[in-house]
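Letters are used for the chains, namely A, B, C and D, taken in the order the chains are written, and counting of residues starts over at 1 for each.
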Amino acid sequence: MSELTELIERVNGFAAERDWDQFHSPKNLSMALIAEAAELVEHFQWLTEQQSYELPEDKLEQVRLELADIFVYLLRISEKLGVNLMQAAHQKISLNEQKYPADQVKGSSKKYHEYKAKSR
Amino acid sequence: MSELTELIERVNGFAAERDWDQFHSPKNLSMALIAEAAELVEHFQWLTEQQSYELPEDKLEQVRLELADIFVYLLRISEKLGVNLMQAAHQKISLNEQKYPADQVKGSSKKYHEYKAKSR
Amino acid sequence: MSELTELIERVNGFAAERDWDQFHSPKNLSMALIAEAAELVEHFQWLTEQQSYELPEDKLEQVRLELADIFVYLLRISEKLGVNLMQAAHQKISLNEQKYPADQVKGSSKKYHEYKAKSR
Amino acid sequence: MSELTELIERVNGFAAERDWDQFHSPKNLSMALIAEAAELVEHFQWLTEQQSYELPEDKLEQVRLELADIFVYLLRISEKLGVNLMQAAHQKISLNEQKYPADQVKGSSKKYHEYKAKSR
């Protein structure tokens, strides 16, 4: 069993044992996921970019567990929707490689965020 | 090489080839991640919970790629902070198992969301 | 002095007295605002739509103060960017009135969320 | 009629004319609000704090309309929940004034974000 499948099974089991599936509609899970993403944002909102690279030990540990929370909800909603996250991620990167060819966007005068804006 | 490590290397390579690391402070990445999480929320905001289980084909494909976007940024920020996502997720589930013992929370009269609220 | 101007002055004074302007770049304020928006989402994520209309007294009071937090940050970032919120809101509604003429979208077979999706 | 009441009536009328109230449960509105807050975050995610103070004309206009969107949803959800936004905002500032007395937090060695963290 792959490490990801093992984690997915553990995540699913946790919810099933507690009879919490009833609350886990994709709609609700999308809300829970963004709430966790905001917990992450909160840790960085008053820091400079430089400070965000140099988190003290205790802060890094909190951030680590927020990343875990986001990952768990991401796996949960993927399972509910029948989405293979690994496949989807690889496919998205391939799409981005075509959209932003390295030789064209690297060192270009166009700002990075203009490329990102065009991906919407 | 594990499948996750392979994906992480591909994600890192994609950014490096384009010289985009300069924009990828953890602070900025937390913003990019929540922006993607909101793209996901947008797909569900006017749907009922039931409808969110039954997405039409084209909508499901869009949602699938949003999940991919979230996953890619999650991997990126984890790498920048030196966080092992798999380990962190397993640790978080263990913490939750202790906090919410299945025999105590299952079928309890206490609403699910009161348990979740206490996890803050 | 209009009630909004009075509130804006109070919000600005609060930050100035504490010497907190240094942290209030529009970038940082956008992060603080979304963090508050997520606090609001958290109150509703495990509730049904119906339950969200019928909040118990204590929950409604918490939600009320979250709405206040969002409003305060919204005023703060508008001030920092020189944006007149009232004018902007009226302009946006006028734009939406043209985009979604009432006689065309009302009772139409097209779902509401398709109209909203087109507004991006 | 106060300017805020006038705007609220216009916002309510817009939705009623289009028969969109059916989609505007507080739960759904909290999702729509955070989606708009994320549209705002996206404009800033790759900018430095300094750049966020100096937006070019066209970018500032887009941000201005995002702020309007957030404001409109904030008013909408406040109306649905019977919350007086102005009162709530004034009350929240008063609470914060007591929590963070200016003479204690100004120029203190404690970082601003530690104060903000304690407000959760």
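As a convention for this text, a contact is a pair of C-beta atoms (placed from the backbone, for glycine too) under 8 Å apart; a residue touches a chain by one contact, two chains touch by 3 or more.
Remember, it's a predicted structure, so these values are computed and weren't measured experimentally.
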Could you quickly compare B-C and C-D and let me know which has more C-beta contacts? C-D
If you average the Cα atoms of chain B and of chain C to get two centres, how far apart are those centres in Å? 25
Could you please state the distance in Å, as a whole number, between where the Cα atoms of chain C are centred and where those of chain D are centred? 4
If you look at chain D, which of its residues touch at least two other chains? 23, 28, 30-32, 34, 37-38, 41-42, 44-49, 112-113, 116, 120
If you connect every pair of chains that touch, what shape comes out? Choose line, ring, star, complete or other. complete
Where on chain D does chain B make contact in their complex? 23, 28, 31-32, 34-35, 37-39, 41-42, 44-46, 120
Under the definition above, what is the set of chain C residues touching chain B in their complex? 30-31, 34, 42, 45-49, 111-113, 116-117, 120
Listed in rising order, chain D residues that touch chain C in their complex are 2-4, 7, 10-11, 14, 17-20, 22-23, 25-28, 30-34, 37-38, 40-41, 43-44, 47-53, 55, 60, 63-65, 67-72, 74-75, 77-78, 80-81, 83, 85-86, 88-93, 95-97, 100, 102, 105-107, 112-113, 116
